[in-house]
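Okay, so chain A shows up in both of these, paired with chain B first and chain C after.
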Partner chain A sequence: MHDTSASAAPPNPDETGLDTLYQIETPEGIDLTAQVAGPVPRILAYTVDLFYRSLILLVLGITLRVAGNTGIGLWLLCSFLLEWFYPVLFEVLRRGQTPGKQAFSLAVVNDNLTPIGWGPSIMRNLLRFADFLPFGYFAGILSMSCGRYFQRLGDYAAGTVVVYREQVAKTGELPDAAPTPPPRGLQLADQQAIVSLTERSNVLSRARQQELADLLEPVTGLSGDDGLRRLHGIGRWLLGARRPQQNKATATNTPTQPEVAQ
Partner chain B sequence: MKQRDFERRYEGQWQLIENWLTGYRKNTEVGREPDTNDDLPQNYRRLCQHLAVAKERQYTGNLIARLNQLVMQCHQRLYRQKNVSSHRWLEFIFAGFPRALREQARFVWLACGLFLAPALVMGLGCYWNDALIYAVMSPEQVLQIESMYDPANRVLGRERGSDSDLLMFGFYIKNNIGIAFRTFATGILFGLGSIFFLVLNGVFLGAVFGHITRVGFVSTFYPFVIGHGAFELTAIVFAGAAGLRLGHSLVNPGNLSRRQSLREAGKEAMKIMYGTFLMLVIAAFLEAFWSSSTEVSIGIKYAVGGCFWLLVVSYCVFAGRRLPVTAPAGSRL
Partner chain C sequence: MNLDRLAVNARPRSSWESVDLGILLARRHWLQMTALWLFPAALVFLLLGLIFPDSPGWAIFAIWWLKPVFERLPLLVASRQLFGESMDNREALSHFRRANARDWFAWISWRRLSFTRAFDMPLTVLENASGRARATRLSLLHRKAASTASWLHIVGVHVEMILSLGVMALVYMLLPEQLEIDWLPLINSNTLLLSWISNGVSLLVMAAVAPFYVYAGFMLYIGRRVELEAWDLEIHFRKMRTRLEASQKTTRRSPAGVRTGTATSLLCAIGLILCSTIAVPPPAQADVATPAQSEELIDEVLAEDNFHRRELQSRWRLKEFKSRERAFPQWLINLMEWLEGLGRDDDEQVEENAGELWPLVAGIIELLLWIAAAALIMFLLWYFRHHLRSLAGYRPQRKSAEVQRPETLFGLDVRSDSLPDDVTAEVLKLWRCGAQREAMGLLYRASLANLISRFDCAFEDHHTEAECAQLVREEATQDPRLQPALVQFFGLLTTTWQRQAYAHRPPANTQLETLCRQWQQVFHEGQAGEKSP
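Right after this comes the complex of A and B.
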């Protein structure tokens, strides 16, 4: 289903050419976007899982040693279950996240971005062995690197993708600059650029922002920190803020003006 | 409308949904559904509209990202798949699995041939030729196998004490099911892996059969093998068939793209794999607790083993034929 929607959805090939955005259209007629995770975080997440699994096996091995042959039998059973079903259990019951994936805030989802069920999860984890071949997940990494959405063989067969489960982006505090009306003739793209500069004011360093603001010196007529403050003001204005102090000033001025006139 | 006004107007609704989502996540561990669940579809549609509006009006990335994430979380809640009821499982066991096998009959027969042909060749070869088994096994392995089934030994199968049935159960589960899973999984490499594992297992099986028969340990080996073999050997063939189905979808995708074709094949193959897994658990159980028991006489073992074979074959051929083909069982398991 996503095949058509995913290929049809990205409107601008330049924009998505380098990006790892994964877009699908929902039945409600909107495009959902998710960021697909590349090989490196996935390998790291796998390493974490491998560590946990080995730890569990080690602890079990020590404790079950008391039980003799029965213990070894149980240990073999556990190691079988851990080898094949450890990811399945976590993926289905913990919303697509094994502990390793959780550590890197990754999650497995179906390719229509719905939560993964038993069938696809078992499928992708059974095919793990094919991905492992010929050694060290070579086939899987190769398949991930070739595909657009970093899917390993198991992902292709099960129809799943691994996406970032983003943390809720806090809407950052806007910089404290007096809202200024933008100059005339500002194009939409320019407006958006200024707004996003304003929104990201506490993510970017001050110096870098000034550097960016200096590019617009012909427009603002100011350089350095003043120019930046002006841009922040314009950004706030575009976002809907108005000048409270000026409003106050005009409000106090208007009653006085008639007095002068009188 | 300016973005700030838009945000102000709907902030309350978004906060409610956000709180509900986080509350839901906590509640899932307890297993309780909050009361606001009824509102979810409505809230979700409203959110979708907000997101569409925000995108259309080109509001800032932060807002769109936040709405997108909210929508996605609701989407995940709303489109969660249903749990499998026990009824579905029973339906699958009694009808769905054999039906799936018959749907893929070509691949089952192909896998059967790939498994049995080398087994037959190696079996006859090892029976006639003393040295042939050493082509596939080291002398130590041959000795070990001989000692396992030597009638002079009191115990059957791997050498063991009386308390180690569970040990062997664990071993068979890990080893045999692992083999079946690998046979299946490597089928995605254009079927080559499944072919390889089927032939490999066939060769070893044939070699052991031929050699043991030649040495004359018939009275211990066959009663041991016949019981669980009914489930184990067929299950490995089925796993190979599922793998071949995967490979075939890549080699000959038909009118679909290879990716689509693989997904379709994956669904079909999974039906077979569920059943195969169950069969292998049964096989491991039998091999550990029944086949190896020395108290049961050989005659009974042959009789029971024969019954198992009859059961498995008739199950695959006849089960699930009469039931109406309304919902393909196990398709959404």
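Right after this comes the complex of A and C.
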């Protein structure tokens, strides 16, 4: 009994290898996981923002030319406000996303993964200056590349991280297979893996899927295409399908044909 | 390729995440990777410097052009490191020729300006693909990762540039101002030494950035393969298989153990039955005998829906969102419609209802203003209620039974039964004994007590002496019993008492006697007058 339970314990996160995940536990005991974003997408997001800002300033510059010296003054004011408050306003009011960050589906959050507020946002954006030194965000690039969670100096000061705003993967069409209850002894991770195989049936080649299904021959008791179809059935059952769909009338017939062929 | 020894967490990632993972790995192995890149490159750089000492620019250009050759070795080591094989520098350098055995010429000629170099190179190093096979494979891999790879390349170029300039700026900023070096001739003269130094810095920067570039591209490639070949599933299925096989072995081994187990439990049961006559209730699941069976049962129960409550939350939302769905009550809708009508004049109704919001806002503001005006009037009325009351000549009729008569006023006992029978005699007696304060106090106290008990003056605990006198004056206008003489006397007595009590200035003898006489007149004659009719 002890032997089996030890082997059945979930794998230690440290053993699963290096990853870019940021994990915290809330006081309520809920584990939250976010994927922190590294320097390359962040630099590109900054470039997009820089482009938008330059565009705004260019348009303003052309339109304010009519106002002469007043126009120049206004333009300077606008450029100041854009430089320092463009990121702050977007980050606080648009769920941590400037347009550039949105383009790369990044978002700034506090390091406890709560939405960012005025204080931290102002802090991290004022410290852009420190990150800029001595030239072209030199310090920021070094800090991002060397930090475990890719934080620049402003992020350290404000206690923020930049994470990917996870987009829910659209599951494609599930394979046609009669839902089958899973065998006994499947753990959560096992079930997730089988569900993942079912969902990725469109992405993976059929041969590769069969190869993977053969690994689970002891579980399904079947090999080759039958084993794969059984796994798909288990996956669909785990995803909530309990009985064949209406169009199953035809679908149930089709899987039998290859069997005959084989 | 043993996937069980993969050093990173295999999961399907977006291509940007793969790049990030590469950065993380590069940071971990940075020193070795940089050394492996730098060693051959620095060798070539030095050789070129010795052969052509006059052309530092061409030397660094040559290094730059040969970058793909230098990147092969770090890539090879990275691929070993990914599967848990470490390689020391000496061993790695001995692989230099093997790493560059294939298509090195292609990479330093027509493929040199490719933007997807970091992504494409693992194909050669790891898969040994070439020709048509390489092309088809590349098109498959490029389908999703090519744009990320190109952007990685572009970012890499710029970061290299920024870092070179940054190092120079840093040196310049850290020089003390007192040095007062004349920079312009130094920069303009283009001294050979300076060029060699700056190119050396560029070489070091290239070596520092190369591991990140190589690893990021490599992990992008690995990420694409994880996606295409479902490495994560393979790893997990393999683990699952070994676990299941192990557990099957234990179950196969168990029957012997079960037999002995049942035998002992049987003995125990017999013992129990023998020992006690109490019937032991049979366990609910009598068929669960072995740990393996019970484990299966537990798994089965745990797999039921009761134990699986999962929610997928992809965005932040307010906790209480039920209240937001609540329907508006009818009266509120009516009010809104009425408000919309308020702000709109008849002329506006003719117009298109394009600005439908604004009449509503105007109506709300109008209503608020009306409410504010009404509230202001109410407040003013409440604030000046006493004045208004007296202006209207209204005096609240209190019934004497209801009035709570105070027993003490400013520390003086004003109950009428606390007074001596003949007040003035007592006062004069005290006065003559020299107890002037007590004498005045008694007189004043007696006046208050009489005013309260006989004239129903509404003195209250919080009133002061002056307020009492004021109250008597006010009440005299409405109460005919309070004659002017009494009012005047009480005013005089109050001031005299105040002087005595607070300023310790006793009245003159004659003054006191006059007061006593007046007191007698005011209260006793009044009393007589009251009693006689």
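Here is the rule we use: the second predicted complex is superposed on the first by the 165 of 262 C-alpha atoms of A that agree within 3 Å, B and C clash if a C-alpha of one lies under 4 Å from a C-alpha of the other, contacts with A are read in each partner's own complex, and residues count from 1 in each chain.
In the analysis below, a residue touches a chain if its C-beta (ideal position, glycine included) is under 8 Å from a C-beta of that chain, and two chains touch if they have at least 3 such contacts.
What you are looking at is a predicted structure, and each value in this text was computed from that prediction instead of being measured.
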**OP:** With the two complexes superposed on chain A, say which partner A:Leu76 touches: chain B (first), chain C (second), both, or neither.
**Re:** first
**OP:** Using the touch definition from the top, say if A:Val203 reaches chain B (first), chain C (second), both or neither.
**Re:** second
Original post:
Thinking of the overlay built on chain A, is A:Glu166 touched by chain B (first), by chain C (second), by both, or by neither?
Top reply: both
Original post:
Is A:Ser145 touching the first partner chain B, the second partner chain C, both, or neither of them?
Top reply: second
Original post:
Does chain B (first) or chain C (second) touch A:Ala241, or do both, or does neither?
Top reply: first
**OP:** Once the structures are superposed on A, label A:Phe51 by its partner contacts, choosing first (chain B), second (chain C), both or neither.
**Re:** neither
Original post:
So, A:Gly117: does it touch chain B (first), chain C (second), both, or neither?
Top reply: first
Subject >> On chain A, the residue positions that both chain B and chain C contact, one per complex >> reply: 3, 95, 115, 166, 168, 196
Subject >> Contact footprint of chain B on chain A as seen in their complex >> reply: 3, 26, 28-34, 68-70, 72-77, 79-80, 83-84, 95, 109, 112-115, 117-119, 122-123, 126-130, 133, 139, 153, 156-159, 166, 168-169, 171-172, 188, 192, 195-196, 199, 238-241
**OP:** Write out the stretch or stretches of chain B touching chain A in their complex.
**Re:** 2-5, 18, 44-45, 48, 51-52, 55, 58, 60-63, 65-66, 68-69, 71-72, 75-76, 79-81, 84, 160-161, 163-171, 173-174, 177-178, 181-182, 184-189, 193, 246, 257, 259-260, 262-263, 265-267, 270, 273, 332-333
Subject >> chain C residues within the chain A interface of the complex >> reply: 6-12, 14, 16-17, 19-21, 23-25, 27-28, 151-152, 155, 158-159, 162-163, 165-166, 169-170, 173, 212, 216, 227-230, 232-234, 236-241, 243-248, 250, 291-292, 295-296, 299-300, 303, 312, 314-316
Original post:
Given the complex with chain C, which residues does chain A contribute to the contact?
Top reply: 1, 3-4, 7-8, 11, 16-21, 35-41, 43-44, 95, 104, 115, 134-138, 141, 145-146, 148, 150, 164, 166, 168, 182, 184-186, 189-190, 193, 196-197, 200, 203-204, 208-209, 212, 215-219
